[in-house]
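Each chain gets a letter, A, B, C and D, in the order it is written, and its residues are counted from 1.
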Amino acid sequence: MINKIVNSVDDAVKDITDGSTILFGGFGGAGVANELISALSRQGAKNITAVSNNCGYYEKGLAKLIMDDRISKIICSFPLMKESYIFKEKYKEGKIELELVPQGTLAERIRAGGAGIEGFYTPTGVGTEIAAGKEEREFDGTPCVLEKAIKADVALIKAKKADRWGNLIYNKSGRNFNPIMATAAKITIVEVDEIVELGELDPETIVTPGIFVHRIVKKGGL
Amino acid sequence: MEKTLLTREQVAERIAQDLHDGAIVNLGIGIPVLVSNYVSNDAEIIYQSEQGVLGMGSVAKPGEEDPDLVNASKQPVTLVPGGSFCHHADSFAMLRGRHIDIAVMGGMQVSEKGDLANWKVKGAELGSIGGAMDIALGSRKLFIAMTHTSKDGGFKIVKELDYPVTALRCVDRIYTDMAIIDVTSEGLVLKEVAPGLNAEDVQKVTEARLIVSNELKEMSI
Amino acid sequence: MINKIVNSVDDAVKDITDGSTILFGGFGGAGVANELISALSRQGAKNITAVSNNCGYYEKGLAKLIMDDRISKIICSFPLMKESYIFKEKYKEGKIELELVPQGTLAERIRAGGAGIEGFYTPTGVGTEIAAGKEEREFDGTPCVLEKAIKADVALIKAKKADRWGNLIYNKSGRNFNPIMATAAKITIVEVDEIVELGELDPETIVTPGIFVHRIVKKGGL
Amino acid sequence: MEKTLLTREQVAERIAQDLHDGAIVNLGIGIPVLVSNYVSNDAEIIYQSEQGVLGMGSVAKPGEEDPDLVNASKQPVTLVPGGSFCHHADSFAMLRGRHIDIAVMGGMQVSEKGDLANWKVKGAELGSIGGAMDIALGSRKLFIAMTHTSKDGGFKIVKELDYPVTALRCVDRIYTDMAIIDVTSEGLVLKEVAPGLNAEDVQKVTEARLIVSNELKEMSI
């Protein structure tokens, strides 16, 4: 029988190793797997490459991991929010490397990683410093840059409901990066508000099918 | 008439006049986000927001906020009937794939060829891109809303960008507190001026050469 | 007010011009816009480049268009079903050109066309006759071929329900190519079983948002 | 014991023994589609089908068919609880992106390097690819189910393909009516033979050289 439900967030993240590439779902505060990130903070893995749209807020969540020098590199699109002061400090101290990526290219690179597409040509970034060192090519008059897939060891994502197979639905714009990140990691771990019986989710409305999910934990514990 | 500059709200109001019924519109942060306040109730405009919201409504009332329903500035918002949600790759398929009719964005510099700079200050070590590069290139029409000059009076409408580029040859129209300028294959065409201003007033604070439209008129706000 | 509902299938297809590239939704008989295809048959446009997983069955639908020499080229993955004998005859007579594409590459090329991605590298097809003349490149040891986006003039797709904005939901595996084809055409025309009021479709369950849809017709007429 | 070949059903039955509980499996047309009939009821196997069905159930009973719910052979099927639908690009993201544990496919030829030919007859003008090229490369394990030789007795397990290639170095295991053969970096390893056959019987009808496993055994069906 397939049962991906794990008892605690600490159990769910315990085997994450130093040097892992980790996808962090969420856009600002929407759709962030806060409890999983706290568990990762307790767990201790370091030298992490983080992929996340933002760099964390205040001294919590991803910002706490950055504060504790656990993240050696971050791949993101929007590092500078006033609430992301920890990132800015650590960047200035040379404690964290930044790979700045346009948001759509970030999303597409993650999707490509999950879909077995190794690289793609996008017009986004042509003529900007983002294109430095990247191959450029024209398609029917449209100049493009070559971007490569992002594949990760772990994804920490947030959903609204799951069943034991790992089928997921989300809440509103809490969806954001979560469904594509689910596809691009060797181990996808999901924090959900609610666990339902198999068959309870309408097959037409499942956003992430269980094939992409490996571990499920209920927010606040079972 | 006294030569006064338009307020941010007036620039937004003027842009709102150019959003047609049925348009699918992406509004950036700053002046652009104010535009929706001035759209006629007769027009059905669909607002797309990069985090996967199509049919974004007004800012949420106190007590009705959902932390999972936010706009691109991460403020709680609402969804209108007919609205829908999608994930980030699908949202940027809309934005990159030329499915947005009009995007309105802030600007630091615009060149006479329609090149745009708006994501990083000149010489700065860090900047945030977000969706700007995708949206600038992917929208069918790109409107830039900005003050005509920088705070210290420097040119923002220039011959060549010297700020980091957001996207090349992407701007269709510039709305400032002094003028409306179209980017055309002939060059920059001055279409409208703020009440009390004339073409010369605008050219004086514009590095790039302006072609004055035969139909130059005062903005009606 | 936005209202994409058109009174008849004939009105919906009347401006399709000779030489158009048309995407035909469906997999076998599932999710095929039969009434729109019949209307296109009556309408008369010729020299069409068709994109479709299959080549039509018996002497109906797409097979009828092929029989009437209206399709000059077809881009598809599975031309040889025993019900597709019309295609086979016309191919042997040299009346129709075939571009054979692996099914996943076909889907991805259409998705890319809708998403503003001009080309991508896929491992699928390496070492096969499909790769002939295509650029090959290795990514971390994985050899890939470069495939290009498919963009079309028109998409003829089938959905279950629509509202006046063109938001769509589908029925089961009738979904197939329809949602991605909706994104990749200048004019997307949808045949639906039912038209519902705006706001009636749950925003979490809309598969194709109205942004990708231009015309809606009700199957069997309004 | 008489030297008889396995039936199609017996090949399917033997493959079913190698599908583990919880596996996500894609079954091609021909012998592969029979495999699900022999899977133990104790094992929860999830069947993926290329047209966007995850959790495909049995063939639909008469009267319960939905023309919009079909398998890859376009026959009406059912969906199990927990199943879901997706569009074609998402379905092939599963198939190409190495999310399928095991794919079982028919074969015309397999080479000693694990190259596969199964989409077009040698010298034919036309062939159908469908999902074969994506699935062959994208599955974590690829099992080929086929007769050991062609109808006229020709080799199908060969040194080099002379049929049009489906995918290179993709096959993990070959199940025939005579044997089970693993593709390894050392070459083809004969693991099991049909009841009554020995390694020599199999080598005689196999062009490629077989390494006989130390643990060679008779299949248990």
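One rule holds for everything that comes next: contacts are C-beta pairs under 8 Å (C-beta built on N, C-alpha and C of every residue); 3 or more make two chains touch, one makes a residue touch a chain.
Just so it is clear, the model here is predicted, and its values are computed rather than measured.
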Which chains are in contact with both subunit B and subunit D?
A, C
How many Å are there between the centre of subunit A and the centre of subunit D, using C-alpha atoms for each centre?
35
Nearest whole angstrom, what separates the Cα centre of subunit A from the Cα centre of subunit C?
32
Here the gap between subunit A and subunit B, centre to centre from mean Cα coordinates and rounded to Å, is 30
Numbers and ranges of subunit B residues touching at least 2 other chains
79, 85-86, 89, 92, 96, 138
Two or more other chains touching the same residue: where does that happen in subunit C?
108, 111, 115-117, 122-123, 170, 172, 203-204, 207
Draw the chains as dots and join the ones that touch; what shape do you get: line, ring, star, complete or other?
other
Would you mind giving me the full set of chain pairs in touch?
A-B, A-C, A-D, B-C, C-D
Residue set of subunit B touching subunit C in the complex reads 21-22, 24, 44, 46, 48, 54-55, 79, 81-86, 89, 92-94, 96-100, 138
Subunit C - residues contacting subunit B, complex
1-2, 111, 113-117, 163-165, 167, 183, 198-199, 201, 203-204, 206, 209-212
Quick one: which bits of subunit D touch subunit C in the complex? Just the residue numbers, please.
49-53, 66-70, 74, 79, 85-89, 91-92, 95-96, 115, 126-134, 137-138, 164-168
In the complex, go through subunit C and note every residue touching subunit A.
108, 112, 115-123, 137, 139-140, 142, 144, 148-149, 169-170, 172, 202-205, 207
Subunit D touches which residues of subunit C in the complex?
27-31, 53, 77-81, 88, 91, 98, 100-108, 110-111, 122-130, 170-180, 207
